[in-house]
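Naming follows writing order (A, B and C), and every chain is counted from residue 1.
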Amino acid sequence: MKNFVEEALAQGKRIDGRDFLSFRKIEIVENVSKKAEGSALVKMGETKVIAGVKMDIGEPFKDSPNEGILIVNAEFSPISSPNIEPGPPDENAIELARIVDRVIRESHSIDLEKLFIEEGKVWTVYVDLTVLDMKGNLVDACVLSSLKALWNAKIPKIEDGKIVREEFSGKLPMVYKPVTVSICKYNNNFLIDPTDVEEELINAKLVVGVRDDDKICAIQKQGWGTFHISEIERCLDLAIEKSKELRRLI
Amino acid sequence: MQTRDIVLPGMYIEERKGRKLNNCYSEGEKVYSKVLGILKISEEEISVIPLAGKYIPKVGDRVVGVIDEVEVSGWWVDINSPYKAFLPIGEALEEFVDLKKVDLSRFYDIGDVIFCKISKVTKNKIVQVSMKDMIARKLFGGAIMKITPFKVPRVIGKGGSMIELIKSKTKTEIYVGQNGLIWVKGGKKEKAWECISTIEKEAHTSGLTEKISKMLEG
Amino acid sequence: MGKKTNIQLMVDGRRIDGRLPEQLREIEMKIGEIENADGSARVRFGNTEALVAVYGPRSLFPKFLQESDMAILRVVYSMAPFSVDERKNPAPDRRSIEISKVTKDALSGAVFLEEFPRTVIDVYEYIIQADGSTRVTAINAASLALASAGIPMKDLVAACSVGKIGDVLIVDLCGKEDNYSESDMAVAMMPSKGLITLLQMDGRLTKEEVLQLLKKAEENCKKIYEMQKKALLEKFKVVGED
């Protein structure tokens, strides 16, 4: 049985009328949680994800005593799909969190050295992601909301070695605005920003993280499909080109 | 590449030229092996005989099976495969059975051994076996040994020569299933066991027939 | 990955363990050491060593996990608690779960899963000692284990890591290079088809640098592929009878 989505893709079309290399309508709501140091809700078409930043005083890692710590966590809320049950994150949520973590970390988007407080004390930056409506292209939506939340985030004030909540000492030291563009391979065509229904028909996806200076900061192949090197080159070109559209939104 | 060569998954064999493929795949005209095995090329077919792997049922194979579950309308049979086989009443019994009165375990019970034929395999590998075959039967007593399925042809030998030799010299009754299960009863059972184990271990060496003959004399 | 360090990763054109930039470590491949398994292999790259066992195809329960028209492939990657400097908790961590997932994707594309509907093929990877590049070492072993279990595949899967120190491209990263090089990439492919089945990269690279690294990875996967073939042929060589 072929569904309409599949029939459309086979003809180089999409049922929502987009061409293969267009994003759905993207809407960002900033500061959706007043208690968070920074937060953002991203609606990418019907997909909805929320990212929140919280900060705490922590101990630095032994091999980087002068740097703040980044911890990214992602969760598929049971709100988001009939297929998700409450419980600890599954392999897909874990992979998602780790990709977002690498994009933020490897792009050097946060100046972690500026998060040094004093000997043995640094800021820990928590980025918590929750998928609220699972309608496809979660990685791109999650990276976008994380970066938006981070760029909005303020550092809490410290008095007598303790955090004073709701008072701030400045903005989080952000440097870059990396985004990911996930390029999906369908037959010999490439498309971006797939819906959940399209994703079911796609078996090879290349998630590409791109920084403001067009440097690639992360790549992750997903699905059991395969890529030729020449196809990867094409994907990188597309990702670099399309990343600019997303970055403007941060 | 030629017959008897060992091939590996992905190894290029030769042009297809309209032939049938067994354990091979083609990309355009080019034929590649799917599995680790021994190549057999003929005018009709390019085939690879696997050197490892589980028994996957094929219609017509004769197998040794063990009754695993008794159901209302038949029996589930363990055939030493990822797939269990179903033996429906109609394929097992000639007489009419009133299912309201009779428990099917009266005919075959859990643990009973049968020699049967694979009668049906669907695309999704739903497997049916049948007792309606000349040499199908329930096997009473005896013992079962398990060997790797792809070594079965070695145990049987050319035209059954090897197994006949073992049977006659040890005065045993033996049923060899394509699925790697072998049922042995009577006579010098242990000797037969020893011979079959040797064949399994040394299936790849030459002079096997001679070696087995010697073992049987000794 | 890209941690700041005072460690000199490259001195006079030699790497921290004395290798040249494009030199693989000593590689050893052994097939069939786990008697119980349907297929198994042990692969060692220097001081990184993976033991892999394959069980299956076998029946899969509970039934709702079954796919009616194909087998499913499951991968569990785990590290021995003593395989690293500081004892590792044997419970699966997030890293292991992610590696298991990407490895499943890397191998599934090569296996003819449609030949075994309703079954499962289990691949268990165990890292005995870890000195960088564990996931690719394990994939090399997994591919050998699958082939030796008689599982039908389009091609063997060969894998290696590549990276960049300063302006120099390096292959087969050891532990320190894994931790401190600026960029690194893990690649698995079906070498005779030129098809990439696993690709993970992090760092900061231009598009051209990514492609250069990919080409290096492809070259070295081909070398590893030849060793895999040799290991299999040696193990299964048959002396003809009659």
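As a convention for this text, a contact is a pair of C-beta atoms (placed from the backbone, for glycine too) under 8 Å apart; a residue touches a chain by one contact, two chains touch by 3 or more.
None of these values were measured; they are calculated from a predicted model.
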| item | value |
| --- | --- |
| Minimal step count in the chain contact network, subunit A to subunit B | 2 |
| Most centrally placed chain - per-chain CA mean versus overall CA mean | C |
| Taking each chain's C-alpha mean as its centre, the one farthest from subunit C | B |
| Centroid spacing, where centroids are CA-atom means, of subunit A and subunit B in whole angstrom | 54 |
| Between subunit B and subunit C, centroid-to-centroid distance (C-alpha), Å | 35 |
| Between subunit A and subunit C, centroid-to-centroid distance (C-alpha), Å | 27 |
| Numbers and ranges of subunit C residues touching at least 2 other chains | 190, 193 |
| Residues of subunit C that touch subunit A when the two form their complex | 1-5, 94-95, 97-98, 100-102, 104-105, 108-109, 185, 189-190, 193-207, 210-211, 214-215, 218 |
| Subunit B-facing residues of subunit C, complex | 38-39, 56-59, 68-69, 110, 112, 115-119, 147-156, 190, 192-193, 229, 232-233, 236-242 |
| List of subunit A residues in touch with subunit C within their complex | 63-64, 67, 91-92, 94-95, 97-98, 102, 105-108, 206, 211, 214-229, 232-233, 236-237, 240 |
| Parts of subunit B lying in touch with subunit C, wherever the complex brings them together | 4, 6, 8-12, 23, 25, 32, 34-38, 50-54, 56, 82-84, 123-125, 150, 204-208 |
